[in-house]
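Below, chain A partners chain B and then partners chain C, in two separate complexes.
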Partner chain A sequence: MDYSKKVKKKLKEKNASPLDRIKIKKREKTYEGVLMPNTEMSEPDCITIKMDNGYNIGIENTKDLEIEKLEKRKKKKKTREIEQDESKPPISLLSTGGTISSKVEYETGGVEPALTAEEIVAQTPEITEHAYIRNYEQVSQIASEDMHSKVWEKLAEKVKQELNNGSRGVVITHGTDTMHYTSAALSFMLTKLTKPVVLTGAQRSIDRGSTDASMNLTCASIAAAQSNIGEVGIVMHATMNDDHCYYIRGTKARKMHTSRRDTFRPINDKPIAKIKPNGKINKLQEHREYQNKKTKAEKGFEKKIAIIKAYPEADPEIINHYEEKNYKGYVLEGTGLGHMPTQTEKTWIPKIKEITKKGKPVIGTSQCIYGRVNPNVYKNLRKLYHEAGAIPGQDMTTETAYVKLGWLLATEKDQEKIKEKIKKNLRGEITKRSHPKTFLY
Partner chain B sequence: MDYSKKVKKKLKEKNASPLDRIKIKKREKTYEGVLMPNTEMSEPDCITIKMDNGYNIGIENTKDLEIEKLEKRKKKKKTREIEQDESKPPISLLSTGGTISSKVEYETGGVEPALTAEEIVAQTPEITEHAYIRNYEQVSQIASEDMHSKVWEKLAEKVKQELNNGSRGVVITHGTDTMHYTSAALSFMLTKLTKPVVLTGAQRSIDRGSTDASMNLTCASIAAAQSNIGEVGIVMHATMNDDHCYYIRGTKARKMHTSRRDTFRPINDKPIAKIKPNGKINKLQEHREYQNKKTKAEKGFEKKIAIIKAYPEADPEIINHYEEKNYKGYVLEGTGLGHMPTQTEKTWIPKIKEITKKGKPVIGTSQCIYGRVNPNVYKNLRKLYHEAGAIPGQDMTTETAYVKLGWLLATEKDQEKIKEKIKKNLRGEITKRSHPKTFLY
Partner chain C sequence: MTEKPQYEELELKAGLEFHQRLDTDKLFCSCSSHMTEEPEKSIQKISRYIRPTESELGKMDPAAAKEAIKQKQFIYSLYKDSTCLVETDSEPPHPIDKEAFELALIIAKMLNCDIFDEINVMRKTVVDGSNTTGFQRTAMIGDNGHIEKPLEIDIEGVFLEEESAGILGETKGKKEYRLDRLGIPLVEIATGIIKGTPEEIKETALRIGTMLRTTGKVKRGLGTIRQDLNLSIKQGNRVEIKGIQEIDELEEIIENEVKRQLNLLEIKEEINERDIGKIDLSIQDFTKYFEEDAPGFMKKAISKGGGVYGYVVPKFKGILGKELLTDHRFGTELAHIAETLGIPGVIHTDEDLGKYSIEENIEEIKEDKDLSQEDSIILIASEDPEKAKEVLKELEKRIKKAKEGVPPETRKSIEEAKTKYLRPLGSERRMYPETDIPTIKVNEEEKKDIEEKTPPKPEKITEELEEKGISSELSKQSLKSPHINNIRKIIKETEVDPTTIATTFTNTLKELEDVNTEELTPENYKEIFKSLEKGKFPKDAVGEIIKIKSKDPERSIDQIIEEEDLEKISEQEIEDKIEEKINENQELVEENPHRAFKVIMGQMMKEYQGKVDGETVSRLLEEKMDK
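And then the complex of A and B:
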């Protein structure tokens, strides 16, 4: 869609075209930024500008709205050619979509997921100082809120191939929203993994001045090419500054802030390492060591599972809905130590007993996020975990418990073994004892 | 139920009776603690001891299990009489249940919610140095995982009466699991509030050496009796040490750890004040000031509302279930900036559009917990918030958005006004801009 006639007239009067820098005055407010072309998503009578913080805002055209042209549009920079040094450790770069593969597409307006893996590297040539990118591949081009299990399986297969065919590590670029679900999925699907598989992304697109993409990519490539870590992890900004990144275990990471660059935090765990963009790696805790061995991929995900959150007045009838659809398992995101409403009109205990009697696994986690589900302290906990047969998720996050459950239901047929494996630490997702410093790390 | 014959025999051999201190050896492990009587919840062949950290554990009797008696049971201390100083500022103490009103009931075994408000004070006579407890009342006796809206309404009514009848503040003891839901409910239901209404609780019961109940109660009473805060808040341990508590705004608090005493944290907000058990109060940010004015209670809660969490492969069919039950509103706990799966096979957009077309409010929040929902940055966000008509919850927590929605639907009839009020900051639940220091505070 194009701008309305009224808007076009105002812009023409000031000789302002898309991508020029303009100032808009409306009532007592002033907005400054780059005029964007109208897109199908915008109202024709709404002027969109990209502000210096990188965000677009739409300002409705009113009579009193005034436009001032500040500067003519800047010319587009040409993508640099990448020169690589084949003596560096070989890694693979897989891209899936998300902000890190997005750029402001000036011809169409708006942030678009458009960059290929090669284009991402072209924006961050520093990578080639630490690693030789043996292979690039675009596995998908989707925003991470739309990520799904088929891409997890495709990634697992692709990572296995890359690691078994000459790469010592893999970097995967991914949207941040569900990066921790994907890192958990790869942690479980890649069996016998002894090499670094590093997910990274960005909270601001790579063509913004404030982008975190370049440092994240550089640190991720260092981790893949140089670290002696043999696990799946997320490498993103550790602080608000551009000083270093953390390598957070794939089953213990969580996106904890909607917009900050240091959004990924370890839950009930310390980061595995600190990675500096100059190539320095500081180990912060024990991890599986790098070994040059073959990796296997055990793929599969049962989609008929649900996360159910507890809250006051939550009605257990919701379970009827899922049971009618023949769901195979559940994660209950309880309150505190792992409670569901118990001694109330709307008690959940009988419904949960019904499910577990059918042999279906029900895992209890906590919406506190930090800490550990304890099946013993209170009578209500005993009812849920001893009497009704839910399985305490210990210190697993809800997200990791969900991914583990879906993966187990698809790859393991024996009901008893599934339950055993839920309780057992398979990929660092369950720790025996949480270090006090891991709270709000 | 009683212990099994085999267990009884072993105990008799060592002359060990319930409440004696014993040591149990089994395989290579040793357990030391107070022998508990068997309860209906325990297996008859499982010996329960209360360990020094306050937790009960059950140890299954096996042939190799050995018992050693260490010490005869200690006599029960008599409850002290409370002496009060009527010249101190008058407050009311309302109890609802939870760990803070629990004690180890030696006759029955297990932690039981049994203490009345008077008994709680008797355990913490320090309160009377700061406040005159004008009235005690037990409003309910339930664990907070079972808390529901009828108790919220009862509390709102009771608090109003106490404040309008001579108390300058109210302390409410409450279980910790859903304390932040209740603090949000009271924040909304108490209109024109200009006095401190303070919720407090404990992570360890009051008769344990490691209890946090006494300091929390003392600080809560200081806040109610002496602070110039005119808002609902949660007063609990600020750190792992017994140094001070925070007064956290009732609409901005969240339980963030299953077991730590410093579990309550402010989300996207600083604490209002630091309260020391010696009576010192340090203001940390702006708040409504104390005034001796009448409080009103606007009660009501629509139970037919749901929290729905987004995750990869989440199926929007769940909305059919709720719509069949004639639900009145929804909170979508999205990923990142407030996304639901959009450009996937299982897109949520059409279903959400269906609901909002009926005039029902749908609020989007973020499972990141920290940060703010932004309806503009990405195309998928525009689809959800502009096209499908969901209302961005800004920086409200999911829990507060849920309580606000239920309260608005019950107390406000005009659909448009409900939507306006969701967007508007009514009780400090929405801030304009988050201070960078409020992340993981």
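And then the complex of A and C:
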């Protein structure tokens, strides 16, 4: 937000702009301080100044309020950048936006994107102990909730180039909300990947001494520079403590908490490894091994995929809307073992049959989040998966099923092959065994 | 120096900062602000690091930056009712607690401050781990206030902020904190310069304390109000003293600080007189003098790869041993500085070396180095020679400052109204906006509303109570009671005898030891006294009713009276019973009326436990017996 017209006019008359030192007179009282820009958090008609004791206060504009400009804003001192150690394993750092790759303007509290690798390193100098950031690039500058498939494709291309041009691994900074969609997308788009591609982010802003960004970035850099993992993964806090991170497979990760730093958990899977900020890596399960081979990118994403959730009173008529818009595929997030309403007047079976008859793929997943979809246990399941022709998504998460379907529909023309590939494990998204320890890991 | 100094001539200037905890929920979450009695019984512990933030690191070389990060591991204890994800910096702050915010406005108004139109919550950088976020949330509420007496002083500002985490312990490289304390609302009051005697300053502080209590919503007990004191005298320097917990001690602390500064000024003169010249101390390894015969702590340092280090301070004899306060020498100041750097003791030749049995070792050094009797030696023992060097360099800085008199510094209040060195003065903490909390607009209407809710000045309150017929003693007691607002409200809103009301809150409640009356609202109390006003139960049953209501606030007073059989017995019934008793005890009444009165009174009270007022029975019995 911006200051109101009246305030702007007063400021303009005195040629005062944010960060200038001003004096405000109102009802016999004067206030002196640095003029702050208006933010969406404060009233447009209150002038905010930072007083000499450091506090911001707001003074409501009134007719009698007078402004006097005292001093023009002082030029910022540039912070020194930290040099890197080029003998360390080379990695690339790609940023997509979000707070993790930002720096803070402490005067105003505003956040700006970091523009150079040195600025990132200045924030987390530990990286230089483990890795050399060979190249740093801003691929996009968008918030996680605005992420879209064009950025996935751009990232896939960029990662391929970096890995084929001298980087041992790639770290991608990303907003946390949709990080697991992006990690799944890159998992599918990067074919023949044999190097670590690590996504990381922050749950607490980087201005604060307690930010999780630094340990996450350090562990992600260690994973990219030192690990023998050849897969896409998410590396973030494993617990509430600042002691280690997990490397979670890109197709098996999910954001499970709105604000905790250990928000990312493996679903129906164990983490691939535990990464400590001192450089130690403990393998926790099998993974594709690092090899210095060329990476390929098979890009493409069909956007017309709907995710539909089952719930009491869910109306199958909603399908008509999508069909009118010519949707190409569906992920049905069913209840329990993968149910959709079947025996009531709101049965979904006829509608699903209609879609599958057109040859469109329908994948069933479970809103339980944990566990495996089963097509046989109950009569209703058999109706859905055998009679109506939906494909059980096995132990894939809804998000991964969505990304997989979108990618398959864009990169594979043969309908039968698409169905086959949905059922087949391509990037670790489907496991054969349900290990007892993977629940609530 | 037995006589009190002339403070006016000394140009004694003080400034006070009060930190008062509020008795509401926590400031930025809905946790209880009640601290546990058993901090060792935490439900979970988490381990974190607080990093110097970006721009601070940007100025360091990588090695220093890495070092700065490695040093600090913090362990935080979590508790059942008083911590949630907000305290662990795992959830954004909730909106500011309404009750605490209103209270801060009331306090600002009470101190005649101008309340700002829009209040901004700020983040004040804290890197010592006492806040899990790495900053403290704080907001300035108003400025430009004053109080008139006992001294007329300015109030520079009133602030609302979150209390820090409480420290549980510290070991090498690790600090433990309790999170039940973090986030308790704290009102900070900063005064302008106060000129007066230590006693006047204390009285002023006491009055502010009393005023805060008249809100009825501030916490009481040790640690719930802390004062920081800024103090200077002529030719001295500003010294800040942190964490004074007892206002009553303030006078003595000021007297002691003035004394300390005067003695430091004497040392300055002494150094000038001795013509010591430039002080330039060279650090030496004295280990070889202590290899054979030395006290345990030195032996330990030597065996672990360190040794005994120090320097000769020329012409300093007598200065290190000069008493600044009783049992507090100039050497003690050095020891305190060393302590903050992790070295527990400093030995100097002005102290009794016999207690370490190192007289001979020192003599040997003096001979070897050809020292005069006027020179002093300072020694420390450390396992780490680098650490020793660092500490000795800091001590040298302090010794050099002796030439200037009083160094500006931040000190900490300790026992016996003394203080000790904490850190150099005024490392300004950076402040920037808290972007997770919208600013709070306070419009003119709300400001007026606050004015109405602001309690009158303390003397107005006692005056008001005395006008209602309450004794002066009970009025003063009422003023100190956490229930002062209830007392005033109920006197205003019921017809019950004001003394009964005041006594209930000041005495009766105290007698209900095991009862938790915290659940009772002002409305609950009003309901109780309204029933009393209507004569539904006898006055003596007030305590019993409060007790039952506290345990089960859902029950109405009528229900309690009925179900617990507490209805007031009519005077007629009492009279009838008295007559019956007089008849039964006819003989005694005639022979010894005085004793008979006591016996019958006792029987009556026993039979009608809680259902009759002693006062009424005694009045009626007297009447009957007189007949």
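Here is the rule we use: the second predicted complex is superposed on the first by the 345 of 441 C-alpha atoms of A that agree within 3 Å, B and C clash if a C-alpha of one lies under 4 Å from a C-alpha of the other, contacts with A are read in each partner's own complex, and residues count from 1 in each chain.
We take it that contacts are C-beta pairs under 8 Å (C-beta built on N, C-alpha and C of every residue); 3 or more make two chains touch, one makes a residue touch a chain.
Quick caveat: nothing in here was measured; it's all calculated off a predicted structure.
Peer 1: If you count the residues of chain A that each partner touches, which comes out higher, chain B or chain C?
Peer 2: B
Peer 1: Using the touch definition from the top, say if A:R433 reaches chain B (first), chain C (second), both or neither.
Peer 2: neither
Peer 1: Touch check for A:P125: first (chain B), second (chain C), both, or neither?
Peer 2: second
Peer 1: Figure out whether A:E83 sits in contact with chain B (first) or chain C (second), or with both, or with neither.
Peer 2: Only chain C; A:E83 stays clear of chain B.
Peer 1: Applying the document's definition of touch, where does A:K358 land relative to chain B and chain C: first, second, both, or neither?
Peer 2: After superposing on A, A:K358 lies clear of both chain B and chain C.
Peer 1: After lining up the shared chain so the two structures overlap, which partner does A:S259 touch, if you call chain B first and chain C second: first, second, both or neither?
Peer 2: After superposition on chain A, A:S259 lies in contact with both partners, chain B and chain C.
Peer 1: Which of the two partners, first being chain B and second being chain C, lies in contact with A:K325: first, second, both, or neither?
Peer 2: In the superposition, A:K325 touches chain B alone.
Peer 1: Considering only touches as defined above, state whether A:M240 meets chain B (first), chain C (second), both or neither.
Peer 2: Touch status of A:M240: both partners.
Peer 1: Is A:E60 in contact with chain B, with chain C, with both, or with neither (first, second, both, neither)?
Peer 2: In the superposition, A:E60 touches chain C alone.
Peer 1: Counting contacts the way the document defines them, which residues of chain A are shared by the two interfaces, the one with chain B and the one with chain C?
Peer 2: Touching chain B and chain C on chain A: residues 41, 55-58, 240, 258-260.
Peer 1: For the complex, give me every residue of chain B touching chain A.
Peer 2: Residues in contact with chain A: 41, 55-58, 110-111, 142-149, 175-178, 181, 240, 255-260, 262-263, 265, 301, 303, 306-307, 309-315, 317-318, 320-321, 325, 333-345, 366, 368-374, 376-380, 382-383, 386, 399, 402, 406, 436, 439-441.
Peer 1: Spell out the part of chain C that touches chain A in their complex, as residue ranges.
Peer 2: Per the touch definition, chain C meets chain A at residues 46-55, 57-59, 61-62, 65-66, 69, 85, 88-92, 114, 116-120, 122-127, 132-135, 138-140, 144, 157, 159, 428-435, 437-439, 441, 443.
Peer 1: Sort out for me which residues of chain A touch chain C in the complex.
Peer 2: Against chain C, chain A makes touches at 29, 36, 39, 41-43, 46, 48, 51, 53-60, 79-83, 103-104, 106-109, 122-123, 125-126, 128-129, 203-211, 214-215, 240-243, 258-261.
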